[in-house]
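Read through the structures below before going on.
After this come two complexes, each holding chain A, first together with chain B and then together with chain C.
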Partner chain A sequence: MKAKDRVKSKDKHILNLADIVGGARSILYLKEDLVAYDCDGFTIHKHLPKAVVFPKNTQEVAEIIKYCSENNLPFLARGAGTGLSGGAIPLNGEIIISMVRMKKLISVDLENRRAVVEPGFVNLKLTNSISDKGYYYAPDPSSQYCCTIGGNVAENAGGAHCLKYGVTTNHILGLEVVMPNGDIVEIGKDGIPDAPGYDLLGLITGSEGTLGIVTKITVRVLKNPEGKQTVLAYFDRVEDGSQAVSDIISAGIVPAALEMMDKTAIEGVEAAAFPVGHPKDIEAVLLIEVDGIAAGIQEQIDQILEVCRKRNVREVRAAGSEEERARWWANRKTGFGAMGAISPDYLVQDGVIPRSRLPEVLSRINQISSESGLRIANIFHAGDGNLHPLVLFDARKPGESEKALEAGSQCLKVCADVGGTITGEHGVGIEKREEMRFVFTEEEIAAQTDIREVFNPHNLLNAGKLFPSPGRCAEVKKEMKAQAIS
Partner chain B sequence: MIAAESISTLKTFFRENQIVHNEASSLFGNSGDVVVSPETEEEIAALLKHADSNGLTINIMGGGTKRGFGGLIEKTDILLSLEKYTGIVEHTPGDMTLTVKAGTRFKDLQDYLAQHNQKISLDPYWPENATIGGIIAANESGPKRLGYGSARDAVIGLRTVYPDGKIIRSGGRVVKNVAGYDMNKLFIGAMGTLGVISEITLKLRPIPKCESLVLISFPKGNLAGIKAFAVKVLDSMIEPVSLELLNPALSDKLAGINAYTLAMSFEDVESSVRYQEEFVSNMLPDDAELLISPKEKADLFWHRFYRHIPNGLDGELPIQTEASLKIGTVNLEALSVLNETELLQDQFNVEIESHGGLGHGLSQVTIRGAESDVANAAAQVRQIAEKAGGYAIVKHLPFELRKKVEVWGNKPSYFFLLQGIKTKVDPNKTLNPNRFIGGI
Partner chain C sequence: MSVRELDLKQEPPCTSGLGNYLWSDPPDEKKWADCVHCGMCLESCPTYEQTGQEQHSPRGRVHLIKSVAEGKLQVNEQFMDPVFQCLDCRACTTACPADVDVGGLIEEARGQIRQAMPLTGVKGAISKFFLHDLFPHQNRLNTLGSLLRFYQKSGMQKAIRKTKLINVMPQHLVDMESIMPEVKEPVKKKYKDVKVIKATGETKQEVAMLTGCVMDVMFSDINESTINVLTRNGNDVIIPQNQTCCGALHVHAGDRDMGRKLAKQNMEAFKDFDKVIVNAAGCGCMMKEYAELFKEDPEMHAKAEEFSEKVEDISKFLHETGYEKPKVEMNTRITYHDACHLAHGQGIRQQPRDILLDIPGVDMVHMPNSDRCCGSAGIYNITNPEMANAVLESKMENVPDDVEMISMGNPGCMLQMAMGVQKYGRNQKIVHTVQLLDWAYQKEDLIREGEE
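Up next, the complex of A and B:
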């Protein structure tokens, strides 16, 4: 064995795990290497893993899991680490099973509209691999250029275009999963729909890596729509913009995307890298995209323009060129990061509301903003009611992080109170464990943890995520706040 | 047989006319000694709790169309009928969501929603009789699943009564939701073995502005040619909401065309629908014939379609024995399933009507004939499905025959998980015992 392949650790678990994955180049165990894995896209809570292993195939994943399970070592899976709710954070000093080496596109079968990928395969690469033949993979989270499909399955990721095409769960046809005891099971063989039995495919998708570790995924791929057009509309009053959203939907149009940004969000995106010249004094901008058969697009665009005009739109127009359309979308898709241009720090929230309640919800969020003294920008997948309040704060100012967390939680309470929910696409993770109580009773939470016990009886896999733990909750909240402040 | 004391207990929380002694026997089984018809969710919960804590078993029934679907017990102690638990709980047209009680008939719902230019994007069989609860519990879908998805795509929230009487909500009233496990999926298609779904929240779609049906028939029955055409359609820019192949017998029954026929639906704005009709006309193979039906004729075709398979309603007994199977394969394998099941007609002296979705991989085969012939042919359909790499489940068969023909096929390798879930949720096997795969 070459010197660089030797593991410099006396810990027998590290040595044994290194053996499973084939030596020192497939495991990290030194503190300086582990620091990069102490959190994911949710950076408020941090904890070091015991080690990070990089398996190359399902067999290695199964052996790692069997080893962890037999030795009572907590473990979890990690993709690109872009998750926004802390699902991949090793709260209990887990062994992190990184899926980044399992990144093959295994097969593509366009006639039957399916593709098989390994979990570490990057979302956008799938579309890029089949676009020359006129096909694509629909779920498009904003991080799609780097997030993995395995992570998308764990979180049931969404995106701007899920209004018409659905979220990840609507596109998953089959999974190979390693159970927490090391058994390998295949669900939805060959992507054949409606396998007899309970729908485990649907249950595992979105379970935030707490029921098993996915090692192979069969996804549905779609034919590119023939035509596409985007409309931009400026409204002086948020109520008018909101009403226009409802009117478009009521008119029987199913847009591919229907996005809204409020005044503060507009200020952010205009100050950042992709400004398009949105006026600063409007209350809402809408971005409406229609796709489908080219012959039918103009009819729908005309109708959208008419609806907006009836709702006192200040200005409304369809994109004049593909370049203009792309600029509008770049401005919107980089919206979260753009807040960095007007605030040192920001916290993203992910509530969902019945879209007809938008004006009321926005006014209550404004109230939260003025009470907390923090600005809140709103970026909204208006078509499906998924609201992203961005709480702007300065972590250097004492107490402000704590206030931001509190304001974020209050925004979710507002969403829950109007009949909505606390997360539409980012997941619960660590971040929203307590907020689960806004939407579920103790009995309903217990019904879910009962199901977890069937799959993950010793709770060694990704423990401490998704569900509030009755005794510890107050303590964890305090700890989170302490960390946020430090 | 349910004990007299139990009935007296039930009479303390149900009115006289909600409890009916059931002496009759049904051809399809899945019945009960007494029929109880709750009118509220509290009553459903009270009934389940009583049964669960007194060792009684319950069969659940909606409209009764699926009485012949699974189940090896002729009569449980109680038949819970949801026929009196009906009505819309909430409809917010602006949000395009609907919450409805499980016993509501599908057609009633669609008729109501049509006044708002909206609909549920499912197309199940027997819409006048089937209840929304039964459709969801059995995961029913039709040819338009290609365009609109299935129950798992349309349901956004459920209220489910657990066997111990707890009410468990899953999902919610919004169309995008990842809070906690996606428990809706667990109850959809669970055949009522985990709980009684009491309320269902669905996302709705607008009624399309224009609809048309294009029937393309292939008189020579050249399967390779049909496949080549289907592949070309799937690879083109057009977006049919159904691409369903009918066998000659079914095509004859529904449209008077005795040949393999592809039923393609287009639903969109008018300019798009006309363009797609034109597009298909231009790509038509030489040996195929095309018939474009406007909405009225298309409606009539679909009306017949959704009523062509047998159902479990009590009525006039059919002269022949009837069976209906659902087959799942990789999409285009539906072609070979249809082709091979045709041969069973001569082999077993049965009549076969079949259709398969070339864009979604689900086929349905209806067999009619003498009892033993139907049983043998049904068993053969499973072999055909498995040879094609798929599965077959028997959706409709008289009770006596279900003891001879395995309804669900082999247990999957992960059966321990299915059983584990059942044991957690319904440890006493109170609900729909032995109705589902592997005796769950």
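Up next, the complex of A and C:
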């Protein structure tokens, strides 16, 4: 064995795990390496993992999980680590099972419009691999350049184009999952949709890595729409912008995407790497995309232009070229990262509201902003009411992280209060655990942790995520039981 | 792991350090303040592609660099690994939505590491030989060039290859020897006594030219082509004799003091000129970033910024000032590789392609991921051969099959890609963009002479 393949650790667990994955190149255990894994896209909570292992196949994943579960070691799965709610943060010093080396595109079956991928396969690579044949994979989270499909399944990721095409769960046809005891199970075999029995695919998708670890995914792929056009509209007043959104939907148009950014968000994207030249003094910019049969597109575009004009739009136009369209989207899709250009840190929230309540919600968010003294930018999947308030703060200033968390939580309270909910696509993770109480009673939460217990009875897999820390009654008892067993 | 006592050869000076960065010129806090850990850089990074490991990704590296400043980590060997595994290709800078200067941070962190742990042993000796004893000294480079010429011409090269004597070298050096271009006389020496190389027609302007260290020894024909192309398009060319190596290799290696010394010498050498033309992407990018080296010296910083304005890559210069379109057919299928320090470092992508497409009969085939690093990265392919080879392999997979030439704008890439062609049984010729243009001009002249 070469020197660099040798694991220099006295910890028997590290040595045994290294044996499973085949040596030093597939395990990290020194502090300097582990620091890079102390958080994901959610940076407010940090914790060092015990180790990071890099399995190459399902068998290795199963062996790792079996080992962890037999030795009572907490563990969790991580993809690209772009999650925004902290789902991959090793709160309990977990063994992180990194899925990024399982990144093969296993098969493409265009006749039946499906593809099979390993969980570490990057979202956009799927579209890139089949686009020359006229197909694509619809769910398009903004991080699609680098996030993995495995992570998308865990978080039930959405994206700008989910308004028309649905979120990840609508595109999953089959999963291979390693259960927390090491068993390998297949759900939705052969990718036949709508299998009889309980919808286990629906249960696993979006379970935030608390029920099992996905090792193979069959996804639906779609034929590229024949035509596509995007409209950009600037509004002087948020009210007009959001009324235009409602009008477009009530006119019977189903846009592929309908996005909004507010003034502070515009300031961010314009200061960053992909500026478009949006005016600084407008209150809202809308990005509206329609796709489908080429013949119908112009008619829809005309309708949209008409609606916007009726709502006092300052300027509205359709993209003059594919380059211009791409520039508008690059500007929007890099929106979160762009906040780095105007603030050292940000916390992104993920509320969902009834579209009609937007002006009211925005003004309440403004109020939270002025009360907390922190700026809040809003990026909004306006079509489906999924609002992303970005709380801008500086973690180096004492107390500001806490203030940001508090402001974020208040934003979610507002969303819940107007009849919405606390997450649309980023998941609950660590970030919104407590806010689950805004939308669920203790009993409802306990009912859900009961389900978790069926799959993950010792709660070794990604513990401490998705649900609030135990309240009184049920959770406490369960926790005590779990501890007694271990 | 803590810093080994022995590693601390140099006592940290009493400066106001930053966390565990105890030496002067520490990584710039402002640079990482822009990073919000979004991860958009991950897929752009060749070392992340190879390892899948966060500490070998731009985001991970920035996180570690920041952690040292926060006092969570020490400047030690374990920290050194991710920082020195970086190719410094800058692809992450292009991918980053917030324009985080990851490359700049890496170089500053390397400066700290080198001050904390000066290189010792074989690695130290090699590094010192290349960076201190060879590249900054033109006469020694010339001697090396002469030796290489002798090696090639005398039959020694043949003999050594034949007798397998070459096999005593490590494999990656054998690979490099096998693709060594034919070494000719350096242009700096050739034009030693020529004050101005006059434009062939009417003079439009006067430009100075950086001949470079490796470029002039290994690729003096590219320098010759650059001069031809410049003079043909109305430029008087001056080669200041007191110019030196640009310092990029030193700065990449963390030797920022030497970098500053060379920067000062070059700024002095070129002070009387309005334009400094560079045909090596790595050198051009370094010279455009001299100001980074003088953050703690406002006066030099201002001077360096002014100097950087004058530095221009040959392709951009030609594109902006205009060039004669060749009139003969070259009839060749080529592809273009974006040198990292042109595309990511200087944002120059379209200009060289336009020039190539202006040559009649040049058919350009798109190379997928053309702006992906080839693994050359200065002397990275000597210091980190294993990673460099993995990166090269993935680069070569993207080179289209049916092309005769691969064009690019950086000597390091040219050597590395030539190695790739040889290693993976391909047959493409590696050319510099200006070479193709020059050959077209020459062909045109030959035809005209034949007609006269």
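In this text, the second predicted complex is superposed on the first by the 470 of 486 C-alpha atoms of A that agree within 3 Å, B and C clash if a C-alpha of one lies under 4 Å from a C-alpha of the other, contacts with A are read in each partner's own complex, and residues count from 1 in each chain.
Just so it is clear, a contact is a pair of C-beta atoms (placed from the backbone, for glycine too) under 8 Å apart; a residue touches a chain by one contact, two chains touch by 3 or more.
What you are looking at is a predicted structure, and each value in this text was computed from that prediction instead of being measured.
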Room on chain A for both chain B and chain C (clash or fit): fit
Partner chain in contact with A:G158 - chain B first, chain C second, else both or neither: first
Chain B versus chain C as contact partner of A:S98, first or second or both or neither: second
Superposed model, chain A: greater residue contact from chain B or chain C: B
Partner chain(s) touched by A:E70 [first = chain B, second = chain C, both, neither]: neither
Partner chain(s) touched by A:N170 [first = chain B, second = chain C, both, neither]: first
Partner chain(s) touched by A:E322 [first = chain B, second = chain C, both, neither]: neither
Touching partner for A:E306 - first (chain B), second (chain C), both, neither: neither
Which of chain B and chain C A:Y346 touches, first, second, both or neither: second
Angular separation of chain B and chain C about chain A, which is computed from CA centres of the superposed model and rounded to the nearest 10 °: 140
Which superposed partner A:E32 touches (first chain B, second chain C, both, neither): second
Minimal inter-chain CA distance - chain C and chain B, angstrom: 20
Parts of chain A lying in touch with chain B, wherever the complex brings them together: 109-114, 134, 155-156, 158, 162, 166-167, 169-170, 185-187, 189-203, 205-207, 223-226, 246, 249-254, 292-296, 298-300, 352-356, 381, 384-386, 419-428, 432, 436, 439-441, 443-445, 447-448, 450-455, 466-467
Of all residues in chain A, those that touch chain C in their complex: 28, 30-33, 35-37, 39-41, 43, 52, 54, 80-82, 98, 100-101, 103, 120, 122, 143, 145-147, 272-274, 334-341, 344-346
Sites on chain B touched by chain A in the complex: 92-97, 117, 139, 141, 149-150, 152-153, 162, 166, 168-170, 172-186, 188-190, 194, 205-209, 231, 234-239, 268-276, 326, 328-332, 359-362, 389-391, 393, 408-409, 412-415, 417-418, 420-421, 424-425, 436-437
Complex interface listing, chain C residues touching chain A: 1, 33-43, 52-55, 57, 60, 63-64, 67, 72-73, 76, 78-79, 81-82, 95-100
